[in-house]
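These are the structures in question, set out in turn.
Here chain A shows up in two complexes: once beside chain B, once beside chain C.
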Partner chain A sequence: MSLKQERWVGLLSLLPAFVLLAIFVGYPMFNTFFHSFTKWDGVTSVFVGWDNFRNILSNGDLPLMLRNNLIFLISVPGILLISLTVSVLLHEEVKGWRFFRSVYYLPAILSSVVIGFLAKSMFTNRGVVNTLLEKVGLGHFTVDWLNTVPTEFMILILCFYWQTLGQGTLIFLSGLSSISNELFDAAKIDGTSWRQRLFYIVIPSLYPAIFYFTIVNVIYVFVGLFGLVYSITGGGPGYETTPIDYMIYIQAFKSGNMGYASALSVFLFFIVMFITWIQLKISKRLEQ
Partner chain B sequence: MRFKRGSVISISLIIVLSLMLGACSKGTNESASTGGDADKKIKIVFWNSGYATIDENNKSKKKEDFYISQAVARYEAAHPNIKIDVQDVPSGDELFAKFQTASIAKNGPDMTVLWSGSYMLRFKQFLEPMDPYFTSEERSRIVGWSATTEDFTVDGKAYGVPFGTDGTFLLAYNKKIFADAGVDPIAQRPKNFQEFVAMLEKIKSKNVTPLGLFKDSFLHVPDYWIAQTVDTPGLDSLVKGTSNFSDPKLVNIMKGWHELFAKDLVIADDSVRQLFIQGQLGMTVGANSDITNFSEAMGDNMGFMKIPDFSEDVKVHDGGPGGVGAAFVVTNYSEHAKETADFIKFLMSKEEQINKIKSGEARITVVNDVDVNEYVSDPLVKTMQDLANEPSTIFWPDNVYPAELTSEMMSLQSLVSRGKMTAEEFMKKIDQKRDELLKSKSK
Partner chain C sequence: MKTASIRSIRFIIFIALAIIAILALYPLIYMAFSSMKPTLEYIKHPMAPPQTWYFDNFQALIYRFSLVRLFGNTILYVGLSMVACLLISIPAAYSFAKLKYRFRNEFYVVMIATMTIPGVTFIIPNYLLMSKIGWTDHIVSVVVIWAVSAVPSTVFLLTSLMRGMPDEVLEAIKMDGAKYYQAMTKIILPMSLPGVVTVSIFNATNWWNDLLTPLIYLQSDNLKTVTVAVATVLNRFSSDYPLLLSGLLLASLPPIAIYIIFQGYIRKGLVVGAVK
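Let's look at the complex of A and B:
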């Protein structure tokens, strides 16, 4: 086969993937970009220029939504550390590791809505948590968990952590298995502490995995928390726990502002792209 | 004949892609799988969110034992060329999202049941007007058309057919708890908000949560108080911007809403029905079906009363929110709109409404040629039907407001109840939102 033929075969082999991407990713994206400049009711769209974007910037909801997304964003390092610690403990085969190895991934296979409703039932006024607190004589610590903004965020982040722990641990465990045992043994002989091994061997060796995990979860907190917010707080009280992706749902499906919701989606797309670009820059600098 | 390897690969890829795209393409609407062949069955897809198909108290009850399955069987027997495919879907926001996305793709159902008024009219671009299918005689035997028409008038252009009525939304109370607190809510019916609060405080003094509300009970209580203060024409002028929500009278209602929470007289939890039946709440809100369910579970220990008036100078006294809260709709992309409308007529026929009442799944009706009293012996059901027919029952205000305004109200009202937004700020924001909507509509 000539070089030219090989090139054609290569291109044709990629074609199905490109066509599928164009249909299932490209077309919806183009459609959303187009409708972000329109007032759209699902059937007819009227061109309104930049009006939707002007409304996003001027109607006063944006700072609150960005604050909410920022709160979720700053929770990412927390789950990174927890996943890392759990994977190191499992890798070092601490007591009970066999049991934990078989259960740590379970929350990752549950849907966000299932986790959300589970958490909601636990934290309602008369849910398991408050009942338990009362039963053990800590009744004065009972809180209306789902009606107070800081505790609502706490529950949302707790659910996010619970759901992500399995994925993080799996990623880091696979990274850890690629580190030579001899390196650990040599470090132990040299008298290094657990902490030193973590910071000087494990973390540097896991750098690509950490980077991958961070990027995936930073994107997730912008576009993937809908299920949890929907099932736990409904974005309230007011819009106090409404991130941008949930506002897209409210605008599109509760208010019927499909054009405005499309503009918000485009806005979110650029925010995520910008943050990912920053992460890539930082990563390149760290690599150097 | 010998093909080059590249050509073989190209042809194979084209075939594979054609198959994939063929599978992805919309093709014919599943709901209208007949084509032009007269011998083929017409399939009508019904997204059912209105008829019961599960009995929480009797899980062994089979699907075919429910009214809708039996009605469909009767219809199919009388119309052998028609197959009704009843698909159960959730109601409320979940249905709206599902219906909206499916309708954009034109692969939604032939018919469904949506909340009436603005909720339903938000989708009118996907709905078949019902006027050509219902004669004036057929319309006149069904009440509540104004909940389905564009301009909320009885004779307006209807985009749906009244499905059922919520009756009048009431307050159910636990007689024992009230008696223990020395309160008789019927004899000493509160005449205004202050008296209502005083009554709830007496219940609270017995260490019982006085009032249980749902998360969306803003629609059941303060929104009703707003409606009774301004009456139906007043609601219309609030929507049109000729009067304002920031009217001090209406602001006071939101202050009252906050006071109920600030004084710990209320819990807002979606499990209030169970808590009430378990005797953990003094009162809760409910539609006619809730009241009869409470009665079945609690017997004589359950009493009910209308929501007290907010003040003595409201325009509608001793009423409640309610009315035709849901409507049948037919999609305008249905290939069998006429057959679908005929099926709706069948369900609304006198015989079927009687069958529905006899099945016990419907307590009250929206047709005026069926007297519930002839078929139901329970005096409570009769009372519910009488209450539903009272002129003081105000049609759900949220079904009259534009959907965006209701969405904004529902999102922000919890800030008022929790003291994070003042009543004045809330009403000002609602006015602003209303003005924005009017401005955008006029563009």
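Let's look at the complex of A and C:
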């Protein structure tokens, strides 16, 4: 194959992918940007300038949505710590560790819908959680979990953790197994304690994995919560548990405010781009 | 003395891991138990194992909610999406990994950048586009959206795996004057098969579990996927928890089966992005 041929084959191989991405990702994205400046019901659109964005900033929904996303955001370090701890324990390779590793990932393979409805059924008034509390003599701790906002968030975050533990564990385990044994043995001979090895060898060599896990899940709490919110709270009461992505769904497909929803999408787009930008900055630093 | 203390520490670690495993598994066991209880028994004893083998919930799902059809739908959509996605992605990934031409890296960056665009930013115009050409409430819409939106991540994973293919073999077939499609079917495809399997497992489970796309594009009950049907149709009977939980259980069986069979592939695929 000559160089010229190779060029044509190479470009033609890309063509279908790029044409389809242009139609179903590129064009709709510009369309969304354009319609974020219109009042749009899906059929007719009227240009309204910055009105949608002004609305978002002034009608009080935004602080609420950002608060909701923020609650999920500050839950990310929690699952990071849990996964790290679990993977360090697994790395000791005690009896049955392979089995445990498989079990931890099992919930991650399930749909958010399954996770969500399953949790919902467990936390109903007469569900297993309250029954268990009564049986062990903690009856006065029984709560109507699904009807107060703080406990609703607790259930949502619990589901998020349950879904994510396996992913974190697998990522960190593969990071741990890439630490060279010589380094470890040398440190042992030098008489370092287990804790010193943890903080001076294990954790630093896991930085890239920790960073990757954090970014993936920070983006997830902005764009991936739809299934859990849909199945557990439906965003309610009111919009009390509605994150941005779920609000876009409500506004576009329940209320028919497609212009407003487009403006929200643009808003979300820039949030995600900002996170990606930070990711690029930090990963360049890590490489140095 | 020393070994005794190490042994007891290892025993404590084992206990800790076992407790976490029970916490992770309990909801699934609860789901399986509850699906075999009549509603009354479920309300009275939510925690206990089922008293008898009781399959009425599953029968109701099969006869009243045409479960077989829902499974057929989902398998069909996932299968078509998988074929479409691979047909688009494999040549592109090979081109990025092994062919040399100008602006290759620029194209690659554009492709990877589309991976970071959140799906919700293009769902509204796509929905309107689909309804304009009359594809809403038709399987084509879901298949096209699933396949196309999975292309960037599929290309990313396949490209990073195909870069590891030995150049000598590829050079040799080039010297033999093999045509492009011959090289593709005889050498490239067989050699990248593990990668293709890995990425297809991830795509298939994601699609099987997806709620948003089929929820928006498909309205008729007889076109729905299992996941959407559980979330919408069964939720109308939300007071009947054993029925809902049986539906959830059946919807989870295919992903669980895939996981049990292909665990190794999943473990490898998951860390490709992390170690890169």
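One rule holds in what follows: the second predicted complex is superposed on the first by the 242 of 288 C-alpha atoms of A that agree within 3 Å, B and C clash if a C-alpha of one lies under 4 Å from a C-alpha of the other, contacts with A are read in each partner's own complex, and residues count from 1 in each chain.
In this section, a contact is a pair of C-beta atoms (placed from the backbone, for glycine too) under 8 Å apart; a residue touches a chain by one contact, two chains touch by 3 or more.
Owing to the predicted nature of the structure, the values given are computational and were not obtained by experimental measurement.
When the shared chain is aligned, no partner comes close enough to touch A:204: not chain B, not chain C. With both structures placed on the common chain, the touch criterion links A:78 to neither chain B nor chain C. In the superposed pair of complexes, A:41 makes contact with chain B only, with no contact to chain C. Looking at the shared chain after the overlay, A:112 reaches chain C, while chain B stays out of its contact range.
Counted by residues of chain A touched, the larger count belongs to C, out of chain B and chain C. By the touch criterion stated above, A:253 is placed in contact with chain B and with chain C alike. By the touch criterion stated above, A:126 is placed in contact with chain B and with chain C alike. In the superposed model, A:9 lies in contact with both chain B and chain C. Of the two partner chains placed around the shared chain by superposition, neither chain B nor chain C is touched by A:150. In the superposition on chain A, contact of A:20 is made with both chain B and chain C.
Counting contacts as defined above, chain A residues 1, 9, 16, 20, 23, 42, 124, 126, 249, 252-253 meet chain B in one complex and chain C in the other. Residues 10-11, 13-14, 16-18, 20-21, 24-25, 27-28, 30-31, 34, 43, 46-47, 87-89, 91-92, 94-96, 99-102, 104, 107, 111, 114, 116-129, 144-145, 148-149, 151-152, 155, 174, 180, 205, 208-212, 216, 227, 230-231, 235, 241, 244-245, 248, 251-252, 255-256, 258-259, 263, 266-267, 270-271, 273-275 of chain C are the ones that touch chain A when the two sit in their complex. Contacts from chain A toward chain B in the complex involve residues 1, 5, 8-9, 12, 15-16, 19-20, 23, 39, 41-44, 124-126, 147, 234-240, 242, 249-250, 252-257. Every residue of chain B that touches chain A in the complex is listed here, in rising order: 5-6, 9-10, 13, 16-17, 20-21, 24, 93, 96-97, 100, 103-104, 122, 125-126, 215, 267-269, 271, 275, 280, 403-404, 407-408, 411-412, 414-415, 417-418, 420-421, 440.
Across the interface of their complex, chain C is touched by residues 1, 3, 6-7, 9-11, 13-14, 16-18, 20-21, 23-29, 31-32, 35, 42, 86, 89-90, 92, 94-97, 99-100, 102-107, 109-114, 117-119, 121-122, 124, 126-128, 131-132, 135, 162, 165-167, 170-171, 174-175, 178, 208-209, 212-213, 216, 219, 222-223, 226-227, 230-231, 245, 248-249, 252-253, 258, 261-262, 265-266, 268-269, 272-273, 276 of chain A.
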